[in-house]
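Some structures are shown below for you to check.
Next, two complexes with chain A in common: one pairs it with chain B, the other with chain C.
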Partner chain A sequence: MRGRESMFTRGFRALTGAVLITWLVLPLIPLGIWSFARGWYFPDLLPRNWSLRAWEYTLSDTAGVIECLWLTIGISLAATFLSIIVGVPAGRALGLYRFRGKELVELMILAPTIVPGIAVVLGIHSVFIALGLNNTVGGVIIVHLIPTLPYMVLVMSGIFANYDPSYEAQARSLGASALETFWYITVPAIMPGVIVGGLFAFLVSWSQYILTLLIGGGKVVTLPLLLFNFATSNRNDITGAIGMIYILPGILILLMTARHLSGRSSAVGGFGTI
Partner chain B sequence: MTQVSLKELTKVYQGATEPSLDRLSLEIASGELAALLGPSGCGKTTTMKMIAGLLEPTSGDVQFGGRSILHEKPEKRGVVMVFQNYLLFPYMNVAENIGFGLKMRKVDKREISRRVGDMLSLVKLPDLGSRRPSELSGGQQQRVALARALIVEPDVLLLDEPLSNLDAHLRFEMRDLIRGLQQDLKITTIFVTHDQEEAVVLADKVALILDGRLKQYAGAEEFYNRPVDEATARFFGGQNFVQGHSDGSRFESALGALDLPEGAATGPGKLTFRPENVRIGHAEASRNRLTASLSDKLFMGTQTRLKLRVGGELIDVVANPNEVAGISNGDELKISLPPSSLWVLAN
Partner chain C sequence: MKLLAKIAALAGSAALAPMAMADTADGEALKSMSWDEVVEMARGGEVNWFLWGGSDNINRYVTEFIGGILKDEYDITLNRVGLTDTVEAVNIVLGELESGVTDEGSVDMIWINGENFRTMKQGNMAYCGYMDVLPNNALVNWDNPAIANDFGVPVDGCEVPWSKAQFAFAYDTARTPNPPKSIGELIAWVKENPGAFTYPAPPDFNGSVFVRHVFYHAAGGVDRLLVPFDQALYDEVAAKTWQILNDMESDLWREGATYPTSINALAELFANSEVDLYFNYEPAGFGLNVENGIFPPTTSSYGLTDGTIGNTNYTIIPINSPHKAAALVLQNVLLSGEAQYHKARPDVWGTKPAIEVDRTSAEIQEKFGSIERHPSVVAPAELAKAALPELHSAWITAVEEGWIANVGQ
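== the complex of A and B ==
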């Protein structure tokens, strides 16, 4: 098929590729330049003086950026892990079974992606204060589940809609225990979905600002919060350096998954037909 | 060697008013090959799943060798079920699929590979171990599914519609393979099917289930010659039912008075006989001679189906095409009904 693509198709593909790259990569270039600049003033096209000062500061112990990076990674990994633990069974229920009120449950799970975070978090804030979860890392991890779960559940319900539980019955019948069945039959079938959903969850958690700010109460400082602090205090060079670190996971994940998210191999699991 | 007993097995699904399976009692002798036959939705797959432990009965009991197994988990029952669509694990190759049950039993890897090799040659697929299930034909997948079940040497083997997904020419081959393996290994085997032909060619005994109830449990021939009622006879292709009265030796009806075999029911009832057991022509020794007129004729290749009018009744007859080649509608025809082919269904 590939050889038969028309000029138009190929041209359109090249055009969308170019637009996408312009849109996504171009805004990042000034940020990268800033991180190596020592002053960069209008009307200069490039900074007159270059320096590694911003990077030196960013990577030093005193700045606390590295510490903050590890905290952010920890929070995002924990939120991702919890999303998987909750999202897989929820996706299974939504994908495999029909039950009364299913549409309502689906809507409730999707709601956080529609309703603005700030509206949700103000209510949750008072609940978390009552529970003593405000200003804690645990509280931040839990509140991150609000935006990460919809993605996880949505991806997993898609996987389970294309899943035949008879395979599990067959494995049980052949002598596998419930746990062995899950490990040998269910996990390989849903793994691609878990990975894709997990990457989504990680990135969504990674980029949370308002939820972290309100529930963390300034005590739990993740990378986006730190980034914002520097951005508003006119330190464009340090903002640039932290910004570069901040976008790293996104780029890595994009590189790892680009192959799976495009074209004919975009199916992410299930048993399909054999 | 395991005898399987179902005792008053009943399943009422949640929210259902009628039971899907109503007090089914069956004894399947050790090493026997039994069929559960019935139209879709009659409760036969439900029965199978309850034996396999994949479904909990509402009441009743399943016993292997006289011992109830209802409290056992599916993987501990010694039962393996082969599903209709084979369900080969797509993430494993053929050898891994077949060896799965042994792996779950923590059998040594070298032992697994040796026994998988034996199994592959037993089901006549010696060189396909490294193939993916998606690369196999339907018949090959069926063999792999069977090998995967047999390798764990189950006490009881359950087969769900084992022949129905196969082409006509593969069915006989598969039938011989299943039958042969079952005889060699002496595994008590139960299969479900909606196809009476499949049940007849494969099974020692057939249990006919209609609307969740056991109608008859007998050898295949009895369903043709000695059905318990009209629904059973019709399920096996019975067409001829003539209302009348039996005195035990003769049956009075619109067809006249006909001699009955010994042991026929008495009183008012229906006379039934297979279309293929009606003899064309009057031989010297034939009893129950009748004269009929042809009302319709359908040539079907290896046989010709006739509709004959006798004393106001229409009866169905299957004849050898050559015997009835010359006759046409309205012609008179001599037929006879051998007493041994008649059967009375008491009202």
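== the complex of A and C ==
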């Protein structure tokens, strides 16, 4: 009975895996083909004329894609790191403790995912100008925390809701220091959540457009800014070429963290692994 | 909360304190200088130009050709900032001005016209009245109402013309041997060729200008409409316009159940042979689309016998630009015969000059004369024979809103 069940689960898992890969990979194929196409008209299964023009432009100094790539990676990594620093304690407080006004705090943290960014971005802009943070890379990193934090905090509060702090008390009673307790007990227990939350934070930061444009004031140019220029103007060839570069970090990170995203992970199921 | 407000106030006052003095933010002082003095002030500086960034040809022209001239001749660094929509740059300036950033803004120049220009002019967000400083201003014919007015709004020295554009239709000669040559013919043609035509839903820029052509047709000519907004006249013409467009709806692409939401969606429908006609305010785009492999090489284009609407696009310097001297040098370079000629070359961009070619040197005039038009692009002179003016923006807004309420619903 148990064997059959696990076979079923395994089969189901393989199937969902296949569906996910199809979803992720299939849309990328036309994008890749487009980047080498010189025109691709309706009944043709493949483009009639091939060209390296889109790549030539994309890799040129004029386009500035490669320069932007490093900057975008740096900004997204920094935003992810800060999200973890803020999100872990916040998630712990929300997941473990009951306190007055908890619902209000939760609502405030979730607000950026509910309120459309375009409605608040002009207000954020004037706040950042007042703080002297506009037109700086630091300002862009900080403004990215607004959309990334909800994901990080939500994942972490899920993790901590199923976390038993008495393990920490046990370690302390056996003589571990506060730092040792954190390092040997807390970190391993919450690691899956940090990885999943961090992945969300990275990807959300990675795809920011209007916040980066306004707060960066044109001085901080990230990949989505270049990509959307062409995506909205029907240039499938250049969009394809920039798009291929744009998805690389996401795919790399997805591959590196894939095992934490499977059904076995506590971060997805919401059960502690201890 | 209180603490946060305090910190914000503190940081705010620090930001407002005179830090590194913006070099040439004082536009009034520049107006009284000689051109050589302006150039000297601009030398070694930078200029941040915000413009729509969705075309590699335009980006290359701006960064490589114009940027090259600025670097080599003036030691000015041109920073091209690509936009998806011009209003984004206007919003940056607006946000800065509202926050009291009056002389160290991020935007030194914007490629602009129409509604965005009206916003900037009415909001006193533009640096104005410096035209006489620019030597190449002599090449601009300010007596031409199509130059001196931007969508019915007087320019009043607040922006410098860059290019001219005029609406035209495109079709594939291999598929459609006899396209309709007037709005009247088009209405009949759509009836005979169900499913072969559609237009982007206003407020898409190009969809909106198509609807205005029908509006002009319904009015029996544009002349009566060239007045400030008149509700009674609008009601009369609008009723006829919606009648025509609603009658047409069942013969449109997908029986008019839905309209493309952007001009790019229409371009894609035309590229995929789903519809037989395409149109654009910028006919140079037809040639670029053929060169970029989006449209078939058998694409051709034409204007209407009853005329098509034309406009001019401009560059504007925001009032809080910290690099006004460099922006003036950039505008002067853009107006030069050499730069306007280069821009007009079909292999570069192919857009119409905003200057009077016969005011340029004999050498430049000869170069202009030698330009070979892209075979897919209608001759500008041909188009110009029947050019129609744009209406005041109040009319345009009313027509767009009327379409959404009466046709789009």
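Convention: the second predicted complex is superposed on the first by the 198 of 274 C-alpha atoms of A that agree within 3 Å, B and C clash if a C-alpha of one lies under 4 Å from a C-alpha of the other, contacts with A are read in each partner's own complex, and residues count from 1 in each chain.
Simple rule for what comes next: a residue touches a chain if its C-beta (ideal position, glycine included) is under 8 Å from a C-beta of that chain, and two chains touch if they have at least 3 such contacts.
All values derive from a computational prediction rather than experimental measurement.
**Q** Contacts for A:230 in the overlay, against chain B (first) and chain C (second): which applies, first, second, both or neither?
**A** Second partner only.
**Q** For A:190 in the superposed arrangement: first (chain B), second (chain C), both or neither?
**A** neither
**Q** Examine A:125 and indicate which partner it touches, taking first as chain B and second as chain C; both and neither are also allowed.
**A** second
**Q** Thinking of the overlay built on chain A, is A:238 touched by chain B (first), by chain C (second), by both, or by neither?
**A** Touch status of A:238: second partner only.
**Q** Applying the touch criterion given at the start, work out whether A:175 contacts chain B, chain C, both or neither, answering first, second, both or neither.
**A** Touch status of A:175: first partner only.
**Q** More residues of chain A in touch with chain C or with chain B?
**A** C
**Q** Between chain B (first) and chain C (second), which does A:213 come into contact with in this model arrangement: first, second, both, or neither?
**A** After superposition on chain A, A:213 lies in contact with chain C alone.
**Q** Just to be sure I read the superposition right, which of the two partners does A:39 touch: chain B = first, chain C = second, or both, or neither?
**A** Second partner only.
**Q** Examine A:75 and indicate which partner it touches, taking first as chain B and second as chain C; both and neither are also allowed.
**A** Touch status of A:75: no partner.
**Q** Touching chain B in the complex: which residues of chain A?
**A** So the residues of chain A touching chain B come out as 164, 166-167, 169-177, 180, 184-185, 188-189, 271-272, 274.
**Q** Per the contact definition, I'd like the list of chain B residues that touch chain A in the complex.
**A** On the chain B side, the touching residues are 49, 52-54, 73-75, 79-81, 83, 85, 87-91, 100-101, 104-105, 133-134, 148-149, 152, 158.
**Q** Within the complex, which stretch of chain A touches chain C?
**A** These residues of chain A touch chain C: 37-42, 47, 49, 51, 53, 57, 62-63, 122, 125-127, 129-132, 134-135, 209-210, 213-214, 217-219, 221, 225-226, 228-230, 232-235, 237-238.
**Q** Under the definition above, what is the set of chain C residues touching chain A in their complex?
**A** Residues of chain C touching chain A: 8, 11-12, 14-15, 48, 50, 52-56, 59-60, 63-64, 79, 81-85, 88-89, 91-92, 94-96, 98-99, 101, 106-107, 262, 264, 267-268, 271-274, 292-296.
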